[in-house]
Each structure stands twice: as C-alpha cells, then as structure tokens.
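Quick one: the structure is below, questions incoming.
Read from first to last, the chains carry the letters A, B, C and D; within each, the first residue is number 1.
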Amino acid sequence: MVKKLALLGAGRIGKVHAKAIGEDKRAQFVAVADAFPEAAKAIADAYGAAVKTIEEIEADASIDAVLICTPTNTHSDLIERFTAAGKAVFCEKPIDLDVKRAEACAEVVRANGGKVMLGFNRRFDPHFQAVRKAIDDGKIGKVEMVTITSRDPGAPPPDYIKVSGGIFRDMTIHDFDIARFLLGEEITSVMASAAVLVDPKIGELGDYDSASLVLTTASGRQAIISNSRRATYGYDQRIEVHGSEGSVAAENQRPVSIEIATKDGYTRPPLHDFFMTRYTAAYAAEISAFLDFIESGKAPSPSIEDGLIALKLADAAVKAAKEKIVVTL
Amino acid sequence: MVKKLALLGAGRIGKVHAKAIGEDKRAQFVAVADAFPEAAKAIADAYGAAVKTIEEIEADASIDAVLICTPTNTHSDLIERFTAAGKAVFCEKPIDLDVKRAEACAEVVRANGGKVMLGFNRRFDPHFQAVRKAIDDGKIGKVEMVTITSRDPGAPPPDYIKVSGGIFRDMTIHDFDIARFLLGEEITSVMASAAVLVDPKIGELGDYDSASLVLTTASGRQAIISNSRRATYGYDQRIEVHGSEGSVAAENQRPVSIEIATKDGYTRPPLHDFFMTRYTAAYAAEISAFLDFIESGKAPSPSIEDGLIALKLADAAVKAAKEKIVVTL
Amino acid sequence: MVKKLALLGAGRIGKVHAKAIGEDKRAQFVAVADAFPEAAKAIADAYGAAVKTIEEIEADASIDAVLICTPTNTHSDLIERFTAAGKAVFCEKPIDLDVKRAEACAEVVRANGGKVMLGFNRRFDPHFQAVRKAIDDGKIGKVEMVTITSRDPGAPPPDYIKVSGGIFRDMTIHDFDIARFLLGEEITSVMASAAVLVDPKIGELGDYDSASLVLTTASGRQAIISNSRRATYGYDQRIEVHGSEGSVAAENQRPVSIEIATKDGYTRPPLHDFFMTRYTAAYAAEISAFLDFIESGKAPSPSIEDGLIALKLADAAVKAAKEKIVVTL
Amino acid sequence: MVKKLALLGAGRIGKVHAKAIGEDKRAQFVAVADAFPEAAKAIADAYGAAVKTIEEIEADASIDAVLICTPTNTHSDLIERFTAAGKAVFCEKPIDLDVKRAEACAEVVRANGGKVMLGFNRRFDPHFQAVRKAIDDGKIGKVEMVTITSRDPGAPPPDYIKVSGGIFRDMTIHDFDIARFLLGEEITSVMASAAVLVDPKIGELGDYDSASLVLTTASGRQAIISNSRRATYGYDQRIEVHGSEGSVAAENQRPVSIEIATKDGYTRPPLHDFFMTRYTAAYAAEISAFLDFIESGKAPSPSIEDGLIALKLADAAVKAAKEKIVVTL
C-alpha cells in the first residue's frame, strides 16, 4: 500500500531523498518543511508535494512517515517528537554529535515504541550489497580483513566543517557502519592517524582532512579505512574483503565507462562527482527498504542502535587520533 | 510542457517504453492499446493509463503522440495512419521488412508532413553517446575503422525467427545504424559471412545465427560487425572506433561490478541479461529525445530515412551472404 | 644436448632471434652471416659468436641448424640449400612472396627430407598459448567466431613497403596463421576490404594500410581480422574466440601496468612499442620449440605447409580486396 | 667491465639470485658456497660456477663481490667478514633479527669502508619503479597517503616461522621499505593490529599471520599496510599512492592475462604463485643496480642504513601490536 511521506529539510540531502521518494511507486510525497520556504517550495513544486510547517506535518494524522534531513543538531529532538506522534522516522546520520544526547534519544524512541531507521545509504548500494551477498554465499570463506577507501572529491567549506562534528563523525561514520556491515563482528578497538594535508583552514578549525584507521574485533578481524577530503579524480568509494577462501571487491563507479587510447596512454573518465550521482541507486533502494520496514514491522537496518555504535566509534577515533593511543571499546 | 502519449502494443518492447514514459516528467502516459486486452490492462494499471482501442486513440485530439510497438507488419500502416491524424510518431524498428513498403510509407509521411522518429535505442546509450562525443571532440582524429560486437544472450524461439525478417533485418539492423552513427560517412559496400552454428532449427527456417560483416564507405572507412544469437556470458554489446589520433571504446556493462578472487582466479559477474536491463538508460534518453523532437520541430534523429537506410543495408547483407558476393550500394 | 646454431641475417629480426638464442641454455650461438659485415660483427661480439660467410656455415659440419633472417627473396634458396646441407632450418615468414616459388621450395624440402620450421612467432606468445589451451580444455565449447585485432604502431618507410609484398603478405600473414591456429578448421573463403587511410605514399606504391577481413571455414566458422599500419597508442595485438559455451580473450600488453588518476581521468600507459618488446617471451619460446623440434624429430609447428597456406590466404586477400569479390579456396 | 661474483647460500633465494646473475652480461658467476654441498653443486652446474668454501671465496682476490643468501643469523658476521676482505657485498634482508647486532654490523662496515647494498627487491620492480617515477614527475602532486597490500599465497611451515623473527621482521619489513620508498619522509610513529586468523600453529609459536598497520610521518603523511600470510588467489602485491593532484597505483601481476567468459562470469587467472615468479624482473634489475653500485662508487640504494631503519620499524610494530599502543620513533 502507498505510504504518505513528508520531508523535513530541503537542503542537499533532502533533495536526494525527495528524488528517491518521487520515483518510488509505494510512496506518496505529500509535504515538505524547511526553515527557508523557497527551498521547500522548489522541492514541493518539483514533486507535487505541499509546503507545510513541522507542526502541521506532526499534526497531520494521514502522514505515515517523515524523513529527517534537517541540520544535525535538530535530529534527536525531531526523532523524539515524530515517534511520539506515531510516525515512522527515517533520520539522516548522525543521530547527534553528542553520544549522550543520542543515547537519550534512543531511550525515548524505545519508550515511544518508535519506528526509526538510520540513513546509512551505502549499505544499499547494489555493488556493496553484492559484496555482502558474496560473503553470505560463502564465496570467500570466513571474513578476516576489510579495506575501505573513502575519499571525497573536495573539502567542504569552513562553515560546514564548523558544524560537522569533525571528519570522523561526519565522513568516517559511513565507513564505520560499512566496516560493521562487512566484518560480521563488533569492533573492540580503534586506532587512528589523522592530519591536515589538504587544507590548512580545516586544521585551524580543529579538524583533520586526511585519516587512516585500523579497527579490530574481539577475534582479531581487522578493518582499514583510508579517508581524504580531496580526491582530484572524483568520489573514491571502494571496499574489499579478504577471507579464508578468497577476496571480494567493489570497484569504483563512473558515469560512463568508455576508454580513449592515444599516444599518451589509455584513459577512462574520472569517477562520479559525489554521493548524489554515485549513490543514486543506493538512495532509491534505501527508501524502498524504509517502506518495507514501515510495512513489515520487522527490525530496521540500519537501526538507531547502529547509529549509536557508529557514533561511539567516531568518538573513539577522535580520542585515538588526538591522544595517539589505541582506544578500546 | 507535458505531452500526452499513447502506447500501441503492450508486448516486451512496449513494456520497456511504458517504463521510460512513466518515469519522464515531461510525458503523461494516457492510453495503451493491444490486441490482447489483458496485456494492455497490465500496463495501463501499472502506470495509470487507460486501455483504449487504436481507433479511440486515433480519434482523441488530446493525445499528442503515439509509440508504435506492435508487430512489424503493422508498422507502416500505423505510421501512415497516425501521421495523417496529426500525431507525432515514435516507431520501433524496422519500418517494414519490405524496403518498397517502407519507402512508400516514408513517402506518405512526407506527404502528411508527419513527425516520425525511429526506435534505434542504442544511439541514446550514455556510453555510446560518450564514444560519439569523443569523436566529435577530436580525441581520436579522423575516424577510420569501427568494430561492433553485438551478441544476444540466447536465440529467440522459432516462432519469432519466422516473423523476424532474418538476423540481418532483426538484429544486425541495430548495428548498421550504429555503424552509420560512428562512421560519419555513408556505407557503399557490404560483405557478409553468415552461418548456422548455434541452433539447427534456425537454419531450417532459412535464417542464420552467426554472422561477420564488413561495411565500407566511399573513402574506404571500414566497419566490422560480429553477431551471434547466443553468448553464454550475457548481452555482449561493445563498440570501438579507431582513428588517426587514437581509439575509443565502450566496454560491456554488467548489473554490479564486483570481483571475487579465489584459487580459481578473479571473476566478475556475467553481463546484463538482455536489452531491457542493458539499455535502460538508453530507453529513457530515447523517450526524452522524442519529447525534445515533438517540442522543437527539429529534424528527428534517427529519422525515418535512417530506418530506410538500415533496412537497405540489411537487404544488401542478405544478398551478400546468400550469393557470396560483395554488394555495392 | 646443446645445439650449435648459426644466424643468417643480422637485421632487425635477426637481432631479436640472436637475443633469444643467447639466452637459451640448450643453444650455442656459433656463427652469424650478413651482407653487411659490421651488422654481423655487432651481433657476433654481443653473443660470443663468429662472423662467417654463408658458404662457411654451409660447409661447417658441426653446425646443427640455421635461422634464416635474410631478405624475403632469399628465403627459398637458403631453405633449399641448408636442408640439402643436412641442417635443421628455422625460416622467418614468408617462404617467398610468390606462392609458386614457395611451393617449389616445399617440394625440394620434402625431397631433401629437410627439417624446417616457420617463424610465426605469435603462436608462441604465452597469452595466445593460454587462449589455445582454454579452447583445448573445453572452457568455451566449440569454436565459432574468432576476432583478431592487429595494428602496428606506425607505418614502415616506403622502401620497406616496396619489397614487403603488400600488407596482406607482410602483416596480415601473421593473422592468417593465428586465425588457423584458433579456428581448428581450414579456411575456405576470404573477404577483404582494404584502403589507404593512413599514408597516401603507401597508396602510391600500390599497397593498402588499413584492412578488414572475414575468413570462413567449410562449416561456417568465421574469423574477423582488423589491420592498420598505425595505432598511436602502441602495438595493438588482441585475439578473442567465441564458442558455444563462452568466450576467451587475450588482452593487450604494456611494459608497465600502473594507472594514474587525476582530474582528467584514469590513465594507463601506452602499449608495447612494437613486436620486439611485445613478443619477447614468444621469441624465446619459439627458439625453445625449434630446439625441441630438432631433438624430437616430430612434425614442426608451424611447418612449411603452414607457411604455404598463410601465403595462399594472403594471395586470396589481395585478389578479394582488388576485385571486390569473395575468393573461394 | 665484467665483475666476478660469488654466491653464499644456495637455498631458495640463492637460486633466484643465481638466475639473475647468470643472465646479466656484466656479471661472471664464479663460485657458490653452501653448507649442503649438493645444493651448491646443483647451482654451480647450472651456471658454470665452481663450488667453493666461504674461506676460499674470502681468500680469492679475483672475486669482486659476494651475495649473502645464507640464514639470517649469519648475515652480520658475513657482511663484516667480506667487507673486511675488500669485497662488495649484497646482503639479503634482514641484516639481523636483533637491531643492536645490526647496528654493530653497520658500524663495522663504516670502519671497513665497506660497500654494502641491501636486498629489498621490490624497489626494483618495474611497476613500482614506474609508480615512483610518476611521483617524481609530479603527476600526483605532493604525496599524502600510501596504501600497501601485501599478502603471501600461503603460510610458511612452522620451522620457518620459528627462525623468521615474526611476521613484521620477515614479511612486513619489505613493506616498511616500500612505504619509505614512496612516502618521501621518515616514519615517526607506528600502529599495528595483528592476529592469528589463518593458522593456529603460527599463534602457538608466538607469531601473527594477519596484520594491519598505519605508519605516520612527521608532517602527517600516512601509510597503510595490509598483510596476510594466505591469499588463495596468489601473491597479492599492490601499491597505491594518493597525492594532492591525483593518485597512482601498481596493479597485481599474473603469468598470463587472458579472460574467459562463461555463464558464470568473466574470469582472469590467479596471480603469480610467489615472489620468484612475481618479481623476476625486479631481481634482474636489482643485480644490475648492484653492478652499477660496484662500478660507480656512489651511495647504494637500498643501503645498510635502509636495512637498519626497516628493522627498527619492525621492532616498533612488534611492540605496538603486543602492547596495543602507538609507538613513536
């Protein structure tokens, strides 16, 4: 049955989800709210939705679910408020920059009996799903080591860095979730080397732009993460899993796969320019999974607990990088 | 402005176009007709269109354009009828299996001042478009030699073969169009070696299942086409253009691009299973181009003349293969 | 046991074989002859061989075998002379530009009971050998279609073109042999489209520089050959075999396999610059096979008959291209 | 001028160097010594060298240089002894398992004015050299992050593990050297997560078989190393360098590069089976570099100091993994 969805937040990621909702036949995109009415109107017009206030959406009993794409510092409040209102909630990562606040929020959700799914889009990428399936099908035996390369095409502006919570909570958080998705065991220790190699302004704001991490599980499985805020050749998103019987890897993606050969060599085009184009299929599958979740009543994946754990790993990474220690969880 | 479109024919290719229309915001899918009402109803229900007869669609002045996806032997009649009715027409290839009938149809279209675009979907594939753009951008210099590998995953059933017009008119016709799209010059001679290597039943019906062709232009540019009705590894669709300054190639496409390494080697998944999945983006771009064409009044590409030329090349190939001669056009 | 070898001809291809002999432990490189004593001396000095005349080599009973790397018009005479002298002979392709002369030579060899192996180096390329092995191992089922892409990095000088016998006898002859090596059936018809697209001087000399061929066997198996005298991106040497159960391909080779990613895309280096570097391993394996042949007394591969057939196919291609007909053998 | 070389140690790595010496025209392979006379004789016979004792080689004034390929615990003694004897020395890694002993050895070498080059073969791999050249040519801008994947095809037997010094001194030591070769700055801190995931026997001997490391330089550049003692798909040896303007990578190598496509997908063969085949070209280039070094009198690369630093990094990794701390150098 078609579900009525409302979007809270009409910014960059809000637009991405609006497109995914607009193309899913099981979803009816009924309302959008944003502090900037023009932004809300642009999306509303494009998809035939109405511009409403958050209060109006909250009060509208016909709305089944909301997607929270507002600034991070409003996430926990909105999750609590809309689960209390009996609506299913999809919330962009992270729950909050502060673990304690996020834990309190999770507690309220449990008390509300709320239905919440977290926005770790990469789990839904068809290529990463195929990697996970290869593992589940026993193609590579027992998982031993995971390698995640995750680099943005370019560093965000200082204003974004300021409210981002830092590279580990903003960017690596996706990789923590993917590491957990692939390792099949909980992470028990975090090592992190981080530096400012790309843009000194990022350093002036107390953040890093380049980081290398090693995560370890109780049985000794290891995940390596390589992050940079700038890759000239596009949005670099690769995963590889090494196991007892073999290895499986998801390669980078590009908009078109042609190759030009000249006297200078063989050249393929740069990668996708960022997540909006790289993960188009993932965002569509994510909305579909959210609709499945609403309908089925089964446990969500990723859940608010997955969001909490990723946040704790980010905090551990901050501590590990700053104090130059191995942080045990 | 949104255009109202009707679909004639609710078979395999009709479904492909229905999906493309359904997802294009500039198109409103209003009606579908088919000799089998159940088939028409299934598509109508999926996209919110109405089941109508061909006569009703013809008579409905609010309908801007039709997509002809009916059996080949009805194409010419319907093109003539709907251009006479003042509707823009998109017609699946071929115009007709008989060149004379196709030429007569083209004549009627000209007399009607009709707007007709032909359904050679591959021109709209983003990868092939990127190849064309690389040529236009001068990346490989002057075009000299084109190589087209085009193999179906599996042979069609005998009943299809019977009405298909044979491998050259049914399958190679796409490659003739792509060869012309890439060569930049008209083809003046055709050589063809054809055989029954896949399925003896195809031979019993007087057709071939494996063919190798060389097309030559007046200035000596050459295109090679390799066709097979069966490729166990999926829908094999590659093009390569060799020029004075270099070469450009579009690689095969697969649903997911992972690689699994084991003691037996490194394995990537098979290719797309057929045109419906391989050319999804091409079909969407094709509909978009059709809408552009309706709005702009510019010359269509591919035009009915492109369809005629491809058909003549197919006829030449039939003769070349049968009589073991080089056919000059 | 170590065999004593002499080299006739110290030109470009002579140097290639000298290196292969010098590195093979079963061969002792004892003598080299050339019309230009300086050329002979350079090779002799590099490998510890002696400069001798052809007559001295012929008369030296301790020499087991000769490698004929002299100009083409001397091949037949030397083959006859050295088989008469009881020496095993390795002769570079072609036997002669004239089929009748080549046939007469083969007749003399048979009369002499001579041991002759032909220099089609590509059969010994480890990658092409692996393709052949995949076929023999049944990996792709029954062979149906072969695709050979064979392009030189740059056109030879006019003086070479004049004595080369033309593109089909000089360049395509290798591809004819590889086609036979892979098809598993004799070729019964030849089609060829040839043109001057690279260098008008080649046309002035009555030759072509770009050619597309289709070869067909009695059962309908097909081989496509694409030749150009100029590929800006290096020595383009690819083969692909399509069969009833799958396909096998040998990719191009480059000196180093790195990839550089920048804002302009992902670039791999150009291919090998020509046969001397591309087929280094093949030339070594070829000499090893020649030594096996001398020792074993088994039938050589490629034999003088293989050389004759390739030459006849070249003649057929000349006729097919010139008269624009399909030539049946 | 041709140099006379003697080989100390006729084991696995000795054979590899014997082959490289045997094929280098600037080297004359005159003598080989080994505790097992049969092993020495086998190599001597194959390359025309004489079996001699270490004392005889030491006393033979005509011998220019020795290659030390004996067990690790004899390396330092032999380096000291043969530099004292005035011979140039090439010594396989490591100098010693004990850093203090290695430092003392380096001191003796300096006192002797000895010429010593260390055996880190990977620096000489043509693909890795091409990566280094791309960096030097400014293709990727300033180096920021290095990723090294280094996995053996299979774990060595327990007897080898016992005397190996552990995974970091035996296996990772090559990666430490390559990291320094690529980072362009000295490493100032080491993190390491290590576990026994492959073979419990390795754990019983106090060693690890799987390790993930992060190395950091003073300016914050980072190198990641991923090690496993077992990769079912062959000898996995990849490097990638990320810089301010782009990235450069050296891909894995396989004996033949064909691809077979079937209904199960597209399969390329496994990688080389181990270092003897993967690094054949590197070993040849290494001997050539050693001969250059002997002739030129220039500083060797890699030097005994490079060997010492790699050893100290290995010690740091042992401590980091064991104590779960970040070790600062």
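Observations
Just so we're on the same page, a contact is a pair of C-beta atoms (placed from the backbone, for glycine too) under 8 Å apart; a residue touches a chain by one contact, two chains touch by 3 or more.
Given the structure is predicted, the values throughout are model-derived calculations rather than measurements.
Chain A maps onto chain B through a rotation of 180 degrees [Cα fit, steps of 5, range 0 to 180]. Should one ask which of A-D and A-C has more C-beta pairs in contact, the pair is A-D.
Taking each chain's centre as the average of its CA atoms, chain A and chain D sit 41 Å apart.
Centre-to-centre separation of chain A and chain C, using mean CA positions: 57 Å.
Taken residue by residue, chain C touches two or more other chains at 231-233, 245-247, 261-263, 269, whereas all remaining positions touch fewer.
Within the complex formed with chain A, the residues of chain C that make contact are 231-233, 261-270.
In the complex of the two chains, the chain A residues touching chain D come out as 142, 144-145, 147, 149, 151, 189, 191-198, 210-214, 216, 219-224, 226, 228, 230-233, 236, 242, 244-247, 324-326, 328. Only residues 23, 126-127, 129-131, 134, 139-140, 245-251, 253, 255-263, 269 of chain C touch chain D when the two sit together in their complex.
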